[in-house]
Each structure stands twice: as structure tokens, then as C-alpha cells.
Amino acid sequence: MRLLVVNPNTSASMTQRIGAAAGAAAGPGVEVVAVNPAHGPASIEGYFDEVFAAPGLVEEVAKGDGAGFDAFIVACFDDTGLEAARSAARGPVIGIGEAAFHVAALIAHRFSVVTTLSRSIAPIEANLVKYGLATRCARVRACEVPVLALDDAASGAREKLSAEIECAMAEDSAEAIVLGCAGMADLAATLARRHGLPVVDGVAAAVKLAEALVGLGLATSKRGPYAPPLPKPFVGAFAGLGRPTRRSL
Amino acid sequence: MRLLVVNPNTSASMTQRIGAAAGAAAGPGVEVVAVNPAHGPASIEGYFDEVFAAPGLVEEVAKGDGAGFDAFIVACFDDTGLEAARSAARGPVIGIGEAAFHVAALIAHRFSVVTTLSRSIAPIEANLVKYGLATRCARVRACEVPVLALDDAASGAREKLSAEIECAMAEDSAEAIVLGCAGMADLAATLARRHGLPVVDGVAAAVKLAEALVGLGLATSKRGPYAPPLPKPFVGAFAGLGRPTRRSL
Amino acid sequence: MRLLVVNPNTSASMTQRIGAAAGAAAGPGVEVVAVNPAHGPASIEGYFDEVFAAPGLVEEVAKGDGAGFDAFIVACFDDTGLEAARSAARGPVIGIGEAAFHVAALIAHRFSVVTTLSRSIAPIEANLVKYGLATRCARVRACEVPVLALDDAASGAREKLSAEIECAMAEDSAEAIVLGCAGMADLAATLARRHGLPVVDGVAAAVKLAEALVGLGLATSKRGPYAPPLPKPFVGAFAGLGRPTRRSL
Amino acid sequence: MRLLVVNPNTSASMTQRIGAAAGAAAGPGVEVVAVNPAHGPASIEGYFDEVFAAPGLVEEVAKGDGAGFDAFIVACFDDTGLEAARSAARGPVIGIGEAAFHVAALIAHRFSVVTTLSRSIAPIEANLVKYGLATRCARVRACEVPVLALDDAASGAREKLSAEIECAMAEDSAEAIVLGCAGMADLAATLARRHGLPVVDGVAAAVKLAEALVGLGLATSKRGPYAPPLPKPFVGAFAGLGRPTRRSL
Amino acid sequence: MRLLVVNPNTSASMTQRIGAAAGAAAGPGVEVVAVNPAHGPASIEGYFDEVFAAPGLVEEVAKGDGAGFDAFIVACFDDTGLEAARSAARGPVIGIGEAAFHVAALIAHRFSVVTTLSRSIAPIEANLVKYGLATRCARVRACEVPVLALDDAASGAREKLSAEIECAMAEDSAEAIVLGCAGMADLAATLARRHGLPVVDGVAAAVKLAEALVGLGLATSKRGPYAPPLPKPFVGAFAGLGRPTRRSL
Amino acid sequence: MRLLVVNPNTSASMTQRIGAAAGAAAGPGVEVVAVNPAHGPASIEGYFDEVFAAPGLVEEVAKGDGAGFDAFIVACFDDTGLEAARSAARGPVIGIGEAAFHVAALIAHRFSVVTTLSRSIAPIEANLVKYGLATRCARVRACEVPVLALDDAASGAREKLSAEIECAMAEDSAEAIVLGCAGMADLAATLARRHGLPVVDGVAAAVKLAEALVGLGLATSKRGPYAPPLPKPFVGAFAGLGRPTRRSL
């Protein structure tokens, strides 16, 4: 099984870390390839960044479909471009936010999400409603650490994250914590031990759910909103996209 | 007052028709300018097309903000890129789907939407949930006419649209009809007369709501998800977007 | 265009202030007339007062319909009698609560309402649910100032209102504030400047939405719950209401 | 125990029938008095009629409170003026619509309502949402028989009602039927036998729930929206209502 | 009328107290019999205990049905086994949690529940959603007193309960309190006086609702999920249950 | 990894088939053991059967926990006893209904469920609401084939199932089908081919999700409703359950 993990932002260092986290989660016989688009923002913090990250994400998924990948992961917690990516590939496509919510719902009655910046709370809440899992989430919280500071030991990022987890346990009666950023992937195990409750990282969750779907022989339904895109003229930067070969999906 | 209407697809003929509809709806003293992006799909039919239309839409709104426009309309019924556009402009930004739903909710207890293709039903339903107005909508229906066929007299488009409106009246007890595509803008009055109930076109609705917001001196709140984008590196096709001048929003 | 603003309580001084606020908001060519019923309570604070204010409100709307007004505003934040008024007029009828919610939803992801007394919280929350916009409202708050004290400089009303707005910003992450009483109409601009976020007044909002609907040529659908009342005997105080001429609506 | 049943319309014959139905349902030791207001419409069919029926209803409840009644029933299926009546009495106040919904929810997972005219569907649905029981109701249906025709053997009313019940059983999988009009009170037992499922009449249901509340020593909470009305000036037809003695509630 | 109250736990002392509370609430002519199963846990605190209490509960209800009881009460606030019990009896079956929620909804716009241990919050919340009444409940709270300590004067149970009620009044704006455990039945009147708001005990509430249903001649609908169980083989401890005589229900 | 699949009914032949289906779905290195309780009903069709199946199910899970199994599957589509089982094991516990809903939600915007008998519709709908996924399910349908007839070629079971799938595709616009009974596990692949859309079987789905959770090192949170049961006396048939060793969970 070949799994393509697409980091929709353009930070190669983050792509590497996400790829390493995905590879560590993958089972035997699963080849993980991690890529990021050639254009777009260095991190995704809010709706504006999402719009400019999504085309590159979808193009990478479409390329991966052509290259025969079996499943695809959208490795931004906002699940940027997830639905469009579903229409661009034959194999299943999973967002790391979505994956984390589903996994958390299987091990806890109610969970809280801790993300980076408060401007990301609204899109995450909207996703929870869209997926149907809003009633399972006690609260989406932000620790007010920018995405690119998560790596910076001097930023106090981990302490802020731990403090917010403590608040979620005390104020939300959270039974599990979902880490709301791909850049937090390597912290889950440490935080789970420190705080004594399950901590879900979306990258690993998405890898295991992708393995599950491929193992089940299931892929995105092509009846409805995820049908292949209709062929039509595309102009300018995206001029190649309208070609009739898209029909083949 | 200067109003920028952005058709997010790249069909100049549709931009012209939308501009004409918007101009006809605008009050005295309102200058309407209609534009479309230089890149992207010729029509927007589903999630895939949305992703490639949104960057151009947001760029046009950002340019319009720089050029001093007072308000902005996203002229695709899916409200493609609406939230990102809000973070890219100081003035209010209104989607034509959103506008039509709010206007219909002011004149009817329950309305139905008639859009083009069934693949667009899911995104429209998701928007209704996001906006909070899903309980006011009896049903989102598709008349199965492609966007670009709406202009083609030989396509039977108008008859299919009328037939679907009759179904909405009989089966949904719809009290009003929302036309679910910018390309239907010039049909509203005729259909209202033929079927004897209010028919709402989103383009005109958005123009009047934009006038209302400007008249009230109200613009998008910058507390929360519509705050100006954070400055950060953008690479590739969108390389110019991360420049610090975005702070000025 | 002729716009009838009906203050459903019997305080002529409040009618005057509401009329002035509505007139200030109205565009050129809009004639605003503000009236109040000849019977009913001096202010509307809770369900009891609403019941005794509603008949006079509906009678004024019906009279206005006979006098050829183009649109109608119910100028109590509880939207007292709004639905009955819709069935009593051909032109559109807008409640100031409803108007404020819709306008706030166009400029903010989530807003809070600050009303007068806590006994009004339940009816306002019920309206939000009925309109479908409850998910857009973070919280309905009361500053515990009686309606008729809003004018009294010695009451500390404005300070209490400001304090509650600060709470809404801090505790609810409110992105915009809706003022929950017609008597607060003239405070919106000052409060917006002081607190640095959009503040929506329902009177002005309703005027602009009424102008929008009239401009669109749209009026209340007569299919469904807002159909003209059926002719039938009325006895006692309301004896004149059942006359068959009501059919003509 | 003394129970006041207020028919909010002004049809004395209907008041008599409602009183008889209530009396038949009442247990030993319960004195039932049925009244109707001196002013208002002869029947309540939609929002317009409700507004003109509610003041008389609330006045009758307030008079009954002064006269020492222990509990009160609002005998219109729309629960006209119910919340205001709650603030006007010390004893519990129950609407027949509300009563029927609660009783049906205790004997069936999902029920359907069959009311008179389709214009009443929206207010009934709104009540179900307000009470929280909308998820328990499969559908609100109208048999298109005017209230005052229910008594008229030549109107075919009973056949239409039976036909609609059959539809509810077949199409909604309704497990129980709620009769959606006070004027249908005497048909419940016959229809239950004919159709072989529980049929709930709101008048009898409200009587038994009122007995239950009085038996439990429970009355409307005066913390919140049902607190006694604040004393204030009332002018015109309702001039006597603002007197300070209302404080005593 | 003969009413069977089944305490689903095996603490005979609690059965006695519940029986006494039920008897005190019952009207004249109502014979109350209180029983508990011969097997199962001594108290029900969470999902695990529920599963082992439910079979005995259903068996007692089925026996009571054979013995001609007219109505049945499930006397655990979690409404353990309520739905299965409904399918096992001809007469109506009421849970004390369910009864308390319905009664509270008739006397207050919004109520809070105070139960024993926080592990019971989730099942109670799930019931509120299932019954449809979740929107009427401000919050489910736990006073962290084990069920069997409620009787122990030295446990400080009553003080903890009172403290939690104060929190519900201050933080939830609760208008009424529902006591969330059958073992609290005898405290309702005292707490209502002390805190000055309605306090609802589910045991008494269920008795009065059972009387109401029997008085109305209404019983559980047998169309749908509460139909009599299908005859089929049962093995082991429950071997007698599959016998065809179950058809007779 | 050792996976215990518990069929909560007592039909050994069905246990064998479920075990075979689970074994076929399991990845390399996963040991699957399938068991059923020694007591309870031969099939689970509705609430009554569930109550008598749940104790045996929980006992098997608790025994499996003692025997060191890593994860557990509740192999009845009603997810009988799932929550109690979660409190009885350290490893993750997954219901096949739950698993099928989550998997379907990852590959389709909206799915329909086809179960055996209509009496099972209500419990399945209740589960969908409890899990939060009700908005993702278009409709729960029954093909009216008893569980034990699924194996009987002469019963026409497969034709009825196919016919109901066709209805779900035509009437519900279902994009995927969830098979609503453990006994349908071996039909999924055939039906998917025949009808041309994804068909999800809960047994296989649960196996892959269990593998995913174990692979992620995640287990049920013990904060909240799934905490180990409190030690307390159990009498009668379940007398051994209250022993303090339960603390060790």
C-alpha cells in the first residue's frame, strides 16, 4: 500500500516532520511519501491562508492519483481542500482534523481540541459541525502559539499547550485531548503521559484510518459531491486543469 | 458608494450579465464594477472548481480593497472563498448565496433553493448549516442544467427550472424560491410572475444588503476569524501575498 | 417609498426617538412615519407586556397597509406581534430584533446580544431559535437596566451597558454586539467607537433591510402562515377586525 | 382543587364542549370551570387570530388567579398566550398543545399531529421546537377542515381527519396521533378504536397534567421569564392592567 | 388503579423508601406496590451497573404485567431498561428521570439537574437528548455523593446537594431543580423551601404522570420500537424468556 | 495483537460466521477470537432482546480483559451494551454499528442504513444521534427480514435487501450503504458490485478500527462515564460482579 501525505503549506521542514510522524505510525508494508505544494503560504492560520494552500494541495493529490497512490492524507488540521481532494482521487482521502475527531469519538464520550491561534477556532468548529461530531467536542481551545513557533524551544510553546490541556480537563471535563495542528504530531505521547489522558494526534490517526479504509477495499463514493470534476476550460495559472482526462477519475 | 462584484469564475460573458443584474439592482449613487479573476475555471460546479476559483476571487477583493471600494460581493451561489475574502478587505463582503438566504428568511417562513446540478446540493446545504439558516430551508433542489447551458435557449433550461419550482411548491410547501446560481439572475421576476410566489435572486439581494451595510456604517468585524491575514512567506504562484503590507488591513 | 415604523409600546417619547433614529438611517426618498398604538403598556419587558402590546401593533400595521405604506417595521426588540403583522400587510414587515440578527450575521461569525432585563433573555433566545440564527449568537445578556431608565442619565445605564459589552468581548469572544432594545438606538455609534467592534442597532438595521426588500420588489409570501387572516366574527374590543374586507390583503 | 379552563376564542358553544371534555377527564374532587374572553375572534386559525385572542386569555387567567383557582388550562392547540399567562398566575398553567406533546412522548417514540388548516402548521412546529419536543414529532399535518366546521356533520370533517391519520400511519410511521385542535376533543376515543393506535386529545391531557402538578405541589417558577409582570402604565383598552397590585403575584 | 414501582437496584431499604415516597404521592384509590429484582447491583452508578440491573427490572415489569398492574414506574434516575420495559407491558411505563424532565418543563423555561456522581452525567445527558428535552436543561451537575451515602447523615450529603443547587441558580440561571436520584425523593420539599424555587423529585412526578396516563386511558403504542418482543430461544440464565406466551402482550 | 469479537446473541452459528468475517478482515499478526455469551436471546431484534443480551456481552468483555485481549468488538449492529463494555475493559471497545457509521462518514457525505426489522430503526437512529453522526445518515431503512432468516436462501432475504438498497439510492440520494446487521457481513462485497456504490459492513469496519486504535496506542479514556465500575454488592445471578477486583481496571 502506498500512502501520499500532503502537507498543504510550503514549509519543507514541517513536511519532513509530518512525513516522519506518518512513517512512524504506518504499519508494515505501507510506503509513506510526504510532499508539499510548490506554491502557497508557509503555514495555514485562518481562512485566507487556506484559500491559497488548497489549489496546491489538490494538485498534489491529483498527481498522486495519477501516480497510483492508494490513499491520501491532507495534513493540515483545518482539513484544507479536503472535499475537493476527494473529487480528485480514486482512493480514499482523509483529513487529519477529521481523523482525529473520529478517533477521539471512539475512545471518549467528550473531547476538547487544543489548536494554535484563536483565529483557527471558527474553521475547526465549522468542520466539527459539518462532520456531525460537534456534539462530541466539549470545546475548541487555542494556546496562542503560532504554527511556526511550535518548533522553537524558546517560545514556551509546550508549556502553553500543557496549560491549555489542564484547562480543558478542569473546565470542559474533557476525557481526551485532540491536538489541533499537524506541527504538534510528535508531542502526543509525551502529553498523554504528563496529563494522564488520551491525547490524539491527527497525523497518526489519519494514517491508521487510511490503512483501515484501504484494508476494507473502500474508497470515496463517486455518487454525489465527490464525483470527478466536470471537464471545462481553466485559464491562467490553473490552465491545465480542465482537460478531459479528468473524466477518467 | 463603490461596489465591487467579483464573479469568481472566468467566463467574461457571465461577468457581464452579473454586472448588468447588479447594476440594475443598485440604487442611485452606487457605482457597480464587475470583474472576474484572470485564472481559474469557466464555471463553478462543485468543490473541485471552488478550490481553483477562490484564490483569484480573494485577490480581486484584495485589489479592490486597495482601490478603495466600499463593499464587495462574491457572485457565485456557493459563496466561494467568502470567508477568506472577508479577511482581505476592510469593507463588508457578501456572498450571493448568503444574501439570498437572509432575504428569503425575511419574507417567508420556509423557502426552497433550486440550483443547477445535484453535485452542488451538498456545498449549499453545508453553507445553510454554517450560516444558521438550514431550518428555514425546506429543501435544496437541482434542475440538472449545467451553469453554462442556462444561456442556451435550446437547452430547455427554463422549462426544467420551472418544473423544479412547481415540485418545490407542491412537495416542500415552499413559500418562496431562491435561485441557486448567479447565472439565473435575470429570470427571477419572470418566474415570480409565472409561479405566483416570491423568487429571490442572490445577485440583486447581495447588492441591496451591501448598500444596507454601507448605509449603516458597518463592516466585517476584525475580532476573530476575519482578522487580517498574518504576514508570512508565500511561495510560487502566490509569492506576492505574504508581504507585510497585508498588515494594513 | 413610505415606511411605517410602529413602536408597539405606548410611550410617545420613545416613539419620537425611534422615529428620529429611523429617519436618520433612511436613505433619500424614503418617508418615515413613526406611530404607536393607542392602547397597551408603556414599555415591553417580558411576555405579559408583549401580549397587550401586540393587538395595537397589528392594528397600526393594518391601518398602514390601508394607507398605502410600502413597508413596515416592528420597533420592539422582542419582535412583538411580528408574524401576525406579516399576515396583516401586503408589504414586507421587519422586526428590529430580527433585522439586527441578520445584519450582525453578515459582518461577524458570532455576536452577543445585550438587552435590558434578564426576563427578556428567554423570549430573545426563542426568537433566535425560531429565525434559525441561534448558532450565530454566542450569548444573550442583560445589563439589568429597565427600558424607561435608558433615558435617565442618573441611572448609570450607559455604564452598565458598556460593562456588559466588555464581558461579552472577554467571555463570549463576541465579534460584534447587538443592542437588545429599541431605546438603545442612539448609542450604537458611540459604543462601537468606545469598544472597538461593530455595534448593531435594530432600528437602523430594520430601516435598511426594509429599503432593500422594497428595492428588490419583494414582499411577504402569502403562501403559508402569513396568508391574510380568514374573515370571521370578532367580538368585544376587537369587533371590527373580522370584516370580510380583510380578504383583500 | 379548582381548575380554570380558558378557551381563548369567543365561541361560547366551543367553550361548552371544551368544558364538558375537561369535566369528563377530571378526577374526583376537581372542580372545572370553563370560560372564554369577552373579546376576540370566534376561532383561532393562525398568527393574526392569536394576537387578538391572547389579551382576553391572559385577563381570564389573571381573574382566575384572583379568584383562587389552583391551576389553569389554555384551551387552544396553538397555546395562545401561554407564556404570558404563566407570568399572570401563581398556579401552574398548561397549554393543550404542550400537554398533548408531553403525553404523546410518554407513550410513543414518535407521533404525528393532525391539525385543522395548513396555516396552523408553522406555529405548531415552532411550539414543538420551543418546547424541545420537535424530534419526537414525525410530522405536523393539516386535514384542511376549518375549526368551526368540525361540528358540522355535513362537512365531511371526520372522514378527512381519518384519512389524514391513515397517511400519518403509512407515511410517517407515526406510533401515536395528537389531535391538533381543541374542537376535536370528543373524537379521540373513537379515532383510537378505528385506527388502532393511541390518539391524544390535548384538553384531557392538560386536565390530567394540571392535576398532576397540583398534586405535586408544583407551580410555575417565578425565577426567569415567568416572573410577575413589572408594574407600569397601561393606556387605552388595557388601562387597568398596570396597577401595582400585579406585584402581588 | 394498581401501580407497580420497580427499583432496579437490589437495595431493599431503598426500595422501601421509594415505595413510601411513591405511596405518599399517589392519589386516593391508587394501590402502590414497590419491588426490586432478585439479582443485580446494590446501586446504579453508571453504565456498567445499568446493564446488570436492567434484566431484573424488565422481568419485574413483565411479571407485573401478568399480575394485572395498570402502570409501571422505573425508579432509577437513569431510566435503566425503560424502553425494554415498555415492550414488556401493556400498561404505560414511566421512568423517573423522564417524568422529572417533563414535569420540570411544564413549570420552568430552563432547569438544571443535580445528580450523585459525575459518571452519571453522560447517561443523563444522553437521555435528555433522546427524549428531546436537552434544550430545556441548562446543565446536569453532580454533587459527588454516592447513592448509598445519601442516607448517611455523617456524609454531608445534604450540604453538598444544597451547595450544588446554589451553583445551579447562580451559574445556570436555573429556574427549577431536578433531583437526579431516586434516593433523593424525600428531600424535594425541604430543598424547595430552603432555596426558594421548584424542586422536582422524579418518583413523585412519575406517580402522578402514571395516574394521568391511566386516567386518560392511554398506554404505550405497540406500533414501532415498543412492540411486544418476538418469540425466540433464550438460553442460560434467561432461558424462560423466549416462550411464545410473550406474543400475548 | 489479540482481538476479542463478542457476538452478544447466543447463536453459535452466527458467532462462527462473524468470527470468519472478522478473521478475513484482520491484518497479519492479529489473532481474532469470536465468542458469545452462555445466556441470552438467539438474536437481537429490538430493546427487549438487547437488555437480556447485554450482561453476557459485558461479562465476556470483562473475561477477555482478564485474559489480556488488546481490543474488543461488540458484534451486534445495535451496539448492545457498548458503553458498559467500555467501562469493563482497559483496551478499546468498538461497536459494529458505530464502526460502520464512522467508516461510511469517511467515504461519503451522506449514507443510508439498511437493517433487518423496522423495530430496530428507533434504536439505530438513537445511536446515530448519540454518536453525533445523525446528520450524515440520510435514512435508516428496514428490509423486513428477520435476523435468523438472513441465512435462509429460500427467504428471499437478499432480494429484499437489494430492493431496499435501490430505494435508498433513488429516494435518499445515498452515496454509500451501511448494512445494519452483523449477519449481513458476507454480503457487502457482492452488494457493492451489484449496486455500484460503497457498501459498509460493520464487522470488518470494527476490526480495522480496532487495529487502528491499538496501532495508535489509544484506549478508552477512564476520565468520565467509562471509568471502571465502582465496587459494590451484586446479588443473585450476577453475584460475582461486585468484587473489589473490579477496581483493578
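Lettered A, B, C, D, E and F in written order, each chain numbered from 1.
FYI, a residue touches a chain if its C-beta (ideal position, glycine included) is under 8 Å from a C-beta of that chain, and two chains touch if they have at least 3 such contacts.
Values in this document were obtained by computation on a predicted structure and should not be read as measured data.
Averaging Cα atoms per chain gives one point for each, and the point farthest from that of chain E is the centre of B. For the touching copies chain A and chain F, the fraction of interface residue numbers used by both exceeds half; the interface is of the same-residue type.
Between chain A and chain C the centroid-to-centroid distance comes to 44 Å (mean Cα coordinates, whole Å). A separation of 28 Å divides the Cα centre of chain B from that of chain C. Taken residue by residue, chain B touches two or more other chains at 109-110, 118, 121-122, 173, 224-226, whereas all remaining positions touch fewer. Remark: chain B residues 10, 37-43, 45-52, 54-56, 58, 81, 83-84, 86-88, 118-123, 126, 129-130, 146, 148, 224-227, 229-230, 232-239, 241-242 touch chain A in the complex.
Taken in their complex, chain E has these residues touching chain D: 25, 27-28, 92, 94, 98, 102-103, 105-110, 131-136, 169, 173-176, 189, 197-198, 200, 204-205, 208-209, 211-213, 215-221, 223-226.
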